[in-house]
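Presented sequentially are two complexes of chain A, the first with chain B as partner and the second with chain C.
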Partner chain A sequence: MEEETLYATSNPLYGGSLGKNINCWRSLSTCTAKLQESSVAKLQGIQSSQRRLLGSSAYELHRNDSFSKLSLEDIDYFKKILGEKSVIQDEDVLSTANVDWMRKYKGSSQLLLKPRNTNEVSKILKYCNSRYLAVVPQGGNTGLVGGSVPVFDEVIVSTSSMNNIIGFDNVSGILVCEAGCILEKLDSFLAEKGFMMPLDLGAKGSCQIGGNVSTNAGGLRFVRYGSLRGNVLGLEVVLPNGTIVDMLGTLRKDNTGYDLKQLFIGSEGSLGIITKVSILTPLRLSSINLAFLACNDYLSCQKLLLEAKTKLGEVLSAFEFLDCESMELVLSYLDGVRNPLPPSNFYVLIETTGSNESHDKEKLESFFLHSMERGILSDGVMAQDMNQASSFWQIREGIAEALMKAGAVYKYDLSLPIENLYKIVEEMRKRLGESAKVLGYGHLGDGNLHLNISTPVYDDTVFELIEPFVYEWTSKHRGSISAEHGLGLMKANEIHYSKSSEAVHLMASIKGLFDPNGIMNPYKFLPRSLLSQHKEDASLHGPEI
Partner chain B sequence: MKILVAVKRVIDYAVKIRVKPDKSGVETNNVKMSMNPFCEIALEEALRIRESGNASEVVIVSMGGAQCTDALRTGLAMGADRAIHVSTDQYLHPLSVSKLLKSLVAIENPGLLLLGKQAIDDDCNQTGQMVAGLLKWPQGTFASKVVLDKAKSTATVEREVDGGLETLCLDLPAVITSDLRLNQPRYATLPNIMKAKSKVIKKVTPEELNVEIKPDIEIVEVNEPPKRKSGVKVSSVDELIDKLKNEARVL
Partner chain C sequence: MEEETLYATSNPLYGGSLGKNINCWRSLSTCTAKLQESSVAKLQGIQSSQRRLLGSSAYELHRNDSFSKLSLEDIDYFKKILGEKSVIQDEDVLSTANVDWMRKYKGSSQLLLKPRNTNEVSKILKYCNSRYLAVVPQGGNTGLVGGSVPVFDEVIVSTSSMNNIIGFDNVSGILVCEAGCILEKLDSFLAEKGFMMPLDLGAKGSCQIGGNVSTNAGGLRFVRYGSLRGNVLGLEVVLPNGTIVDMLGTLRKDNTGYDLKQLFIGSEGSLGIITKVSILTPLRLSSINLAFLACNDYLSCQKLLLEAKTKLGEVLSAFEFLDCESMELVLSYLDGVRNPLPPSNFYVLIETTGSNESHDKEKLESFFLHSMERGILSDGVMAQDMNQASSFWQIREGIAEALMKAGAVYKYDLSLPIENLYKIVEEMRKRLGESAKVLGYGHLGDGNLHLNISTPVYDDTVFELIEPFVYEWTSKHRGSISAEHGLGLMKANEIHYSKSSEAVHLMASIKGLFDPNGIMNPYKFLPRSLLSQHKEDASLHGPEI
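And now, the complex of A and B:
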């Protein structure tokens, strides 16, 4: 019988009334009980299903009961192989680790493990695989699609204790480090050597490189340094059965066999745990210029992008845009932020990075002049020192934080042809009218829109107007329903909007090959119905490959 | 009334500086440089005074090698009317800067000389005071508020001092140095950046100004501050007392 207990919360997002259409956290009253004090019987009382109204559709998610439940013997075994300090059952730590950054997804894991090296990870996975214990790999827990937190009582395996930098070659710029290194710390380390990380995102102070690689993170400098698929030279991974696979090459070119690391990049923890990364890092060039510009309409933004690519060419390192609704939100909810320009319809942030200050300034000035003469630029300011530059970035990077402060947020990350990119924002505004604020901003240089809908509280009627419309619209315009955030739990059943069924079937076969017991990050990434179907087929007929 | 503002090009405030291996100074190669933040504030104040109608022209001056023009271009982009570059490759200590400013004041005849209270590279906090002494002008340093009275030809300056705020009334012409809370400098807008390209930067040399640069200070050595030692866990009260007595010597 399903046990449903309302999670008492003072969170204003969740209203107060009980009712069929309310979105609220339903959690166990038992989940916070300390494991040593509770009996195994209480463990069995773990809720077997949760209503997932915030996910892609209002369906009921059931715990896969072929997964074992954690027992006291399991805890003892982990303590034996990892030491007491790395086996965490503390309520406070678990309650943080069970919730994602957006506070939208909450699990009920009873156990957090913090291995200190690859061997420990291997022992953990080997044991969990043999015991049919589900596992969620967790890095900085900054993901935006619910992929980094448990859905039910999966064991959380955190990479936070594996944060050593193993080596750096300051001629080639190749960095080798453990998966738990925080992105910002890596960047500071490289800064002293005259290099930098090839990716930069708002979460840099918390996100870990292993997580970045597992989600194939994009970020602000994608337009200049490209994808992690190009910059990652090698990985060391642990497979679900505990096998350690060393693919930690540090070579730019190595055409020997299938490039297996590409499977792990972007696999969101579904094929194994990444334990080490070797990555190519670009030189940190000294001439950095940042301009905050205003455009009257979206068409001007597009023309400005083309103009920037033509006139600034190789020195362009970031091209971001935000609409006036985004600017207004940031100004209302963040302290110490001011609009450098008079109010405008669209704002564009352009950064150039080069090795010659005067050369870059000349290019920029010619670009500005040309754009102003053609009327595609209505106003702009240039940062004169690093403080001004970081205040410009704070506006763009602060939008996500402002959205969190403003209330409930429905977050979509779409890749679309640039001509149509803003149309979805306008259509969504028409659909939702007064009931929500619709914001559009993002990496215009990569054709990546961050569509965000802000409401005071989560509301089913609003949600039903958004999904599946936004996915259908994106699919119709041959875009991607997840440009860089990944699928996670939020879009686990939506992949068909952007990939053919043949491709998805092949993905399920690969998953079945690497993780036959399905213990790695279950319920996420690929459609559950497909995975269970593949498992059935495999058990009846043997693996297809 | 004309306002003369002195600006200095320094290592950007946000850069992590490193001492050169030969300890002769700080590494400036390939390091981001920008206008001294206090000079920016001084220039912003000058521009506001001009915009309120109390001044007719804002002239900026910077002294040093060819790259000074970067700071001058920034100043012109913020809205200064014209710029002067005192060109020299010699190291300029505050006294030399003050003597050069004195000569420029004789040529330009400004009613107000605005400077930043100190430069963030040497932290001298001397130029404003010295030039006021050389000119025998009144000075209002560490200004957090400046109000001009055109009719009476005075400036009322609120100064940030250790005990609080001190308000002075100065007869013009006077020297005022800016402190952090005086204002928030404007951004350089694109139209102004474009206009700045056609504004004049006049080049002069110390010889033309009849000033002899005689360095009377020699920098002997530059060292990093001692690295912070990591903390130590003690295992007993006795060990703590022993360390406090013998290592920290506070007991």
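And now, the complex of A and C:
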């Protein structure tokens, strides 16, 4: 598909005339000004080396001594089954693989394995299980909760050498591929066939489909194409004991038995390793439009969402928001990014995807006019071409990177009822005062807030003001402490803020059933008290599968 | 919402002018004529009493004697905890509850319990579990695989007295209700608020949302709104040991732990009883159009589907098909139903749902014109009002009822790659010759065929020609032997045609974990050899939850 067909090169109805229509931009609150004077300036001097690397000590964790330590015989065995090249002990490679994307979590693994196919994964896990060697599965290592890196000396099993596309059916749109395929590459592959991936996220250039499925990633297209729980049609997985379970169905509907693959979707490497994925991909419809809009207050953003759902209905494909603090940070830290609108308190990105360009534009026009008349939209601009669309997306997708450049960051990924979603940002600002910069942005269309707190360096006093307050507040407002990023190491012990004790207990039983020796991604995902308890139970009964 | 807004009362672009445009109807194959001469005539004399009621003997099943028999003390206990009214021993009521919708499966339960709330369900199950009394959960009893009725003397636990709507959020469209709410009533409730249920099926007037979730029902809107796996946001369930598990989340996204509710979606009462459901409901968009179309052959139906996906894209909300045998049966057995088109080999029902009436009509027009030009559409008519739309739907939704009236019916609900989907109908026709009428219809948009074989009375010779052939064929063509109806009693032993032995083994482990005494809906869902095996395992280890 050529660029021109995706974004109309000239856009007479919008862009130009929209600039004319949407001209009721009013003088801003002092928010933007304040930001420039204070925190941002303070943050600018920070170098990445000053970020605190949180090793296990920060979590007061102790290595579980029932796991074996890696021996020379182990290495020899892996070389025998995988070949020299796939058994990596190189320090540089290991030091990258031991640290997460945020440079916040750091392990000390001595070994990275790169199996090339399912059988190799099976042999690895079977061996590790029998030797009580702990394992951490790693995809693109873009996870944001410390799940993808070792806590101590776990063996890293990377899927990056398993990156073949196995098949694509262009009648049904069903794609089958290996777990190590990079999301963006899959999307480009599909673009040529007139299809697209049902998910898209800022980390698309590095994250892998296996990692996406393991974290049940949401992202930018969720509001239109829904959850991976609906789109993933099949998986092949390897259990901790090496058993290969073929659940790689390629059917839209299949009600034969429990839907076991659902246990693996979002299980963050705690039950086994996903080796292949079958996924339903939607048609890449020909008309895509992107608007960058401004709202004066959060209430207007909310109203705009309802308006978009009604007026844009079936063509709405993204509804993202950011506050002025997020905008300022991006402008300060990312080169070549500019705000297409005069400063405002809130910005909203709306994308539509449809089969008929002129229908979509008519719908957008009616949506804009109505929203302007109702006073919920203060300004806006439509992307005139693919480049401008990318530059709009860069603002929203660049926030995570800007935060990284700005210093230390405390990331929270909350689901909240929409009416309360921004309150936590305001309360957190009051709570932290000048000591930190509080940013609110995210997937408003799905009720998903990314609350990010930026400080020059990691600071225990700040941390104690944030946690457990943020979890308690979320729980009180019937929210989820993890909308899409998962639990990992960061929130394993906090699950009870979002799940009942009966549910957590059931989860621990399931973990015990699949992984009786507890070798898969230990210390993470479930409360550590329950994990060790189940390990003991399991050793009494022996492996159950 | 008023009727007029749903279906435009006058429809100048279609209907009338479509009749003019789509006038290339050609002379039919002999299919229709043959049908009238032979089987239908033969079937017409059959009375419902002649249908064979398949008790357990047909499946050569023996009652599992580790289950207790109901005692007077048990009845007394239930009366104490539920009150006299909810403990039903009345023979008439029991005889209805013991027989399934098809009148094909019949149990001999002596007791029907009608708890009014979750606590009562909990007390019932806790007691039954401790007493080793087997239980069958029953919703609307419209299931088509013998799952909802007892096989022997299981206690029937009906959810029909648990039918309260708990809450509805008209910002997010999230509905929370008790499991016993009838699907159609929920849809009517939502209609008043401008929303709709994401699923719709022929049994909507009787089936309950708890039953729908337990069977992971698909239905007519699946092609647009997707699977219950994506739409169900939360469940409250009672485990066999009486534990109430609150997973009744009301959030669009929640990645905290394993998604346990997925195990209950489609588990057909084998793991516990669903007591409450939280579900995401879409906006009831204002423009709905329905077309009843004719195609000369199956290949044209396939091409029409691709055309609809491309041209109607985001507004397509149903794509159903039926063959001429299905049409003839409906015309013969249902009063007041008429074919709006001249006889044809295949009929397709296409529904669009969108936010802008004129856009949708323009899309439909372009779709029709293009399909006519390409010669894949031979005739068609648009519903002019709500009444006409209902009459079109009545044809498609009435097939199941017509089959019931026609005599005995062997029902198969297959998922198949679309290019092969109709081949099994043709092969079955060849195989059975004059001895039976073979019908093909279903949710073509999802690759879901309802293959139905109609005979005057149940006939073992016919049966042996059908099974295991139909399963072997489906398995060979990488299909599923149950797209949406589930396994129940009918297909419990056939799961291996669609699932690997590793997967089935894992399922049995999960069943053993949740229901160590095996009291929930015994003899069904999983191969009986594995179920009894796990019962023994469980008694060794003792209950695990």
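Keep this in mind: the second predicted complex is superposed on the first by the 475 of 545 C-alpha atoms of A that agree within 3 Å, B and C clash if a C-alpha of one lies under 4 Å from a C-alpha of the other, contacts with A are read in each partner's own complex, and residues count from 1 in each chain.
The rule we apply is simple: a contact is a pair of C-beta atoms (placed from the backbone, for glycine too) under 8 Å apart; a residue touches a chain by one contact, two chains touch by 3 or more.
No experiment lies behind these values; they were computed from the predicted model shown.
In the superposed pair of complexes, A:Ser66 makes contact with neither chain B nor chain C.
Contacts of A:Leu377 after superposition on the shared chain: chain B is touched, whereas chain C is not. By the document's definition of touching, neither partner reaches A:Thr461: not chain B, not chain C.
Looking at the shared chain after the overlay, A:Glu365 reaches chain B, while chain C stays out of its contact range.
In the superposed model, A:Ser435 makes contact with neither chain B nor chain C. After superposition on the shared chain, chain A has more residues touched by C, the comparison being chain B against chain C. In the overlay built on the shared chain, the residue A:Glu314 is in contact with chain C alone; chain B does not reach it.
Applying the stated contact rule after C-alpha superposition, one finds that A:Ser130 touches neither chain B nor chain C.
Overlaid on A, the two complexes show chain B and chain C touching no common residue of chain A.
Note for the complex: chain C touches chain A at residues 169, 171-172, 215-216, 218, 222, 226-227, 229-231, 243-247, 249-260, 262-263, 265-267, 283, 285, 302, 306, 309-315, 353-356, 359, 362-363, 415-419, 443, 446-448, 478-487, 491, 495, 498-500, 502-507, 509-510, 513, 525-526, 541, 544-545.
Against chain A, the residues of chain B that register as touching in their complex are 12-16, 30-32, 34-35, 37, 40, 70, 74, 77-78, 187-191, 193-194, 197. Every residue of chain A that touches chain B in the complex is listed here, in rising order: 191, 286, 288, 291-293, 340, 357, 365, 368-369, 372, 377, 379-388, 390.
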